[in-house]
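Here it is, the structure in full.
Lettered A, B and C in written order, each chain numbered from 1.
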Amino acid sequence: MLDLIWLIPALPLAGFILILLFGRLLGEPKSGILAASMVGASFVVTVAVFFELLSKTTEERHHVLTAFSWMPIGSLHVDLAFLADPLSITMALFVTGIGSLIHLYAIGYMHGDPKFSKFFLYLNLFVFSMLMLVMGENLLVTFLGWEGVGTCSYFLISFWHTRESAATAGKKAFVTNRVGDWGVMMAMFLAFGATGTLSYAGINHAAESGALSAVTATGIAMMLFIGACGKSAQLPLYIWLPDAMEGPTPVSALIHAATMVTAGVFLMTRISPVLSIAYDWAPTVIAVVGVATALFAATVAVAQTDIKKVLAYSTVSQLGFMFLAIGSGAYVAAIFHMVTHAFFKALLFLGSGSVIHGMHHEQDMRKMGALRVLMPITALTFIVGWLAIAGVPPFAGFWSKDEILLFAFAKSPILYVVGMITALLTAYYMTRQVIMVFFGEARWNDHSEENGAHGDFKPHESPKVMLAPLVVLAGLSIVGGALQLPFNHNTKFLEKWLEPVIEFGEKDISGTWADNNKYILLIVAIVVALTGIAVSYLVYSKKKFAAIEPNVMAQGWFYDKGISNFMGGPGRKAFDGITWADRTIVDGAVNGVGKLVQGAGGFLRKGQTGAVRSYAAAVGLGVVALLVWFFVRGVVL
Amino acid sequence: MELVVFVFAAAMILVGGIGVVLRSHPVHAALSLILTLFGVAVIFVSQEAHFLAAVQVIVYAGAIVVLFLFVIMLLGVDRTEDIKTEPFKVQRPLAIIVGLGVTGLVTAAVITSRDVVATRGAGIIEPAMTDPDSNIRQLSRSVFGDYVVAFEVTSVLLVVAVVGTVLLTRKVKPASKESQ
Amino acid sequence: MSALIAAATPTTTWYLVLAAVLFGIGTVGVLVRRNPLVMFMCIELMLNAVNLSFVALAKRLGDIGGQTTVFFVMVVAAAEVVVGLGIIVSIMRKRPGANVDDISALKG
């Protein structure tokens, strides 16, 4: 079975090619079913590989399948190879699993859209790229997938490209990602220069054996972190993610909640040995950026009115938690939170998609309310997701978030406090969202004349093909915590499973104050979550206190606007300056050479008088010169 | 005695040469040329090149200059040239540089190497009362002996020159021009 | 005075210097004069200067080859004059007011 791991990315690629050739012929819904079954088949293969890996011992869980020698150039030897080890299979499992659920959902969501087949074309291409990313044996295959998911993200965000805001959002995502990609490329150059190879095995081995200097390791880790900031939407490169909500909701669920944005976390975990031998300030920087992003995004989410934007900022915030984990040396916790986050965030996005679908594409939460009566299954699954993300036990989010905060406390209590505040805010704004959408009074008919609704507009429940994935994800959100329960070593399945990959870098906090008092911290986490829920309930349901949603928070602390103004103003002037320099100096130099030659030619042209006498004079001068030469040679020398 | 001859001949040569350069009327210039040629002929005689002196006078002064005069008269280019003006401003200074340069350098070369020049040949046989044709004899022995090939080639050259000139200066009739 | 005159005999060098001066005069003439025929005459001056130096050196070195060379130079000079004047005639025939500067078709 392990020899068939190439099937895992190949099946979505086959789906892509088939839809490319026959998409228009197949039409709706056959192209959607084809795409979903391809990803589903890939999931089945992944599960089979998973069980085969399980049957091996811990040391043997590392299988490389080389498809072909990609770049044999001098000393650089890069193969198109796939690596099946615990980390890559974990990633592949939830990419293909959640991917197939979302494909199924999209068949219902995109019903009636004229570009139905094209949507699944891009979706399959995306799953293929993501699988190349996670299953790559070396940095270059991962980078291939990295760029591929960025491109598909662009295609899918600007799917309804006739809408200008969608086209702009797609461009913004691509350009911002590109800034991060520079970091990945620099890291590849550094890695190759220091170790002579781009494969993870080679680089990590160099790090573990001490062949990699701390300086180089810090450089590689920091450069990859810059790439991760771009792809996983951390400060300062998060600005594309809220705008990416212009894409259809399945896109938001798959790409911007479950898979693409986790690529940064995956990459940092892959090179955990390198990060662990870097200078101490490197993980600290990662942790600080992560927790700062988490807090920042949480504050902004509190003031959003668009149902998807709340979830977008929530994603940024949760990704911040994952980077906090990485910075604290808690790679298992980061992966754990990534998996549980994939479950409940995809659930929440798909649920919001169901709401939007039922509300005939209305996305403003102020125009919703009391939807639990008319959309019961959606409401129920959404509530499960809400409880998971808020950190209420025994739902999945509680366990993973608590694990991260434990390690954060061991690194620095300040990080813990900021993380706790963010957790409080998370519970607060998610409760706000649930109340505004599903409870309270029905507000959808208040301004019905404005949105051109026909008189008695009534939201309706979504079709079964959309509800089934919601139910599955809800189930996973409930039991997902069982992967890594902190009680004792026997319950830590994920840690045992991931051990060969992260053992070198994982921090050991046994014996610290945090570890000894982890049950106290557990209780504190529960209390904080419940407090957040309670305060939000009081504000939005009972209306005991006024809602604090200042404009500055709604506008994202004017960070995005600030960048636009800076780039448009001084930034533009700088670029104009560079253009001027290029035109005047560089082009001027090149043109100047031409002008010089022209001038010289024009000057020399004057010598071509056409008159015999001037030519004779020239000959005479030559004779004199020769005579001087001979004279000097004969007499002086 | 030789000194007097030299001075006299040198004067003729230089006056004639300067006359050729400075006289604006081409006929005057031609006559100055004749003066120079006569001067050169005198020096030929003093240097024991009697035959060449005769040839100089007959061929150069007698034929070539006459040819010049024919062409001057034929083309009506007897109008005087305006020697005062010079369209190329740089030409006159250049000419002076070139002239002085050539003269000076050759003179310098000649003077510095005057001791190096050594006898190498059999010697020029000076004509005496008993043997007045010695120069012609010696010269003809050289021309028809050592340099006979050059002699033959030069005669071919003469033929070619004559034929070529006739062709060059032919006035072409319009009818035969089309057939070309 | 007569002793001085008798004492100074012209050596070969004097003749060679005279030839050099004549050559220089000829060069200047070629460069300065605009009438094609006068330019040609100046070229003849230069040729004569060369002949002069050949003959002087023939006497000095005692080699009759110098005079032979002059012989050939004169023949070739005659041929050259014939051809050259022919060319001048055919060019200048059409143009009144002969001026060598007018032939400037190669002007760049």
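Observations on the structure shown:
Just so it is clear, contacts are C-beta pairs under 8 Å (C-beta built on N, C-alpha and C of every residue); 3 or more make two chains touch, one makes a residue touch a chain.
Every value quoted in this text rests on a predicted model; they were computed, and no experiment measured them.
A complete topology is adopted by the chain contact network, contact being made between every pair of chains. Note on interfaces A-C and B-C: more C-beta pairs are in contact across B-C.
Once the centre of each chain is set as its mean CA position, chain A and chain B turn out to be 98 Å apart.
If each chain is reduced to the centroid of its CA atoms, chain A and chain C end up 94 Å from each other. With centres set at the average Cα position, the gap from chain B to chain C is 5 Å. Residues of chain B in contact with two or more other chains: 91, 94-95, 98, 102, 106. Multi-chain contact residues, meaning those touching two or more other chains, occur in chain A at positions 609, 611, 613, 617, 620.
For chain C, residues that reach two or more other chains under the stated contact definition are 27, 31-32, 34, 101. On chain C, the positions that touch chain A within their shared complex are 27, 30-32, 34, 100-101, 103-108. Listing the residues of chain A that touch chain C in their complex gives 605, 608-613, 616-617, 620. The touching residues of chain B, when paired with chain A in their complex, are 88, 91, 94-95, 97-98, 101-102, 105-106, 108-109, 112-113. Chain B makes touch with chain C in their complex at residues 2-4, 6, 10, 13-14, 17-18, 20-21, 26, 29-30, 33, 36-37, 40, 43-44, 47-49, 51-52, 55-56, 59-60, 63-64, 67-68, 71-72, 74-77, 79, 81, 83, 86-87, 91-92, 94-96, 98-100, 102-103, 106-107, 110-111, 114, 117-124, 138-139, 141-143, 146-147, 150-151, 154, 157-158, 160-162, 164-166, 168-169. For chain A in complex with chain B, the touching residues are 609, 611, 613-614, 617, 620-621, 623-624, 627-628, 630-631, 634-635.
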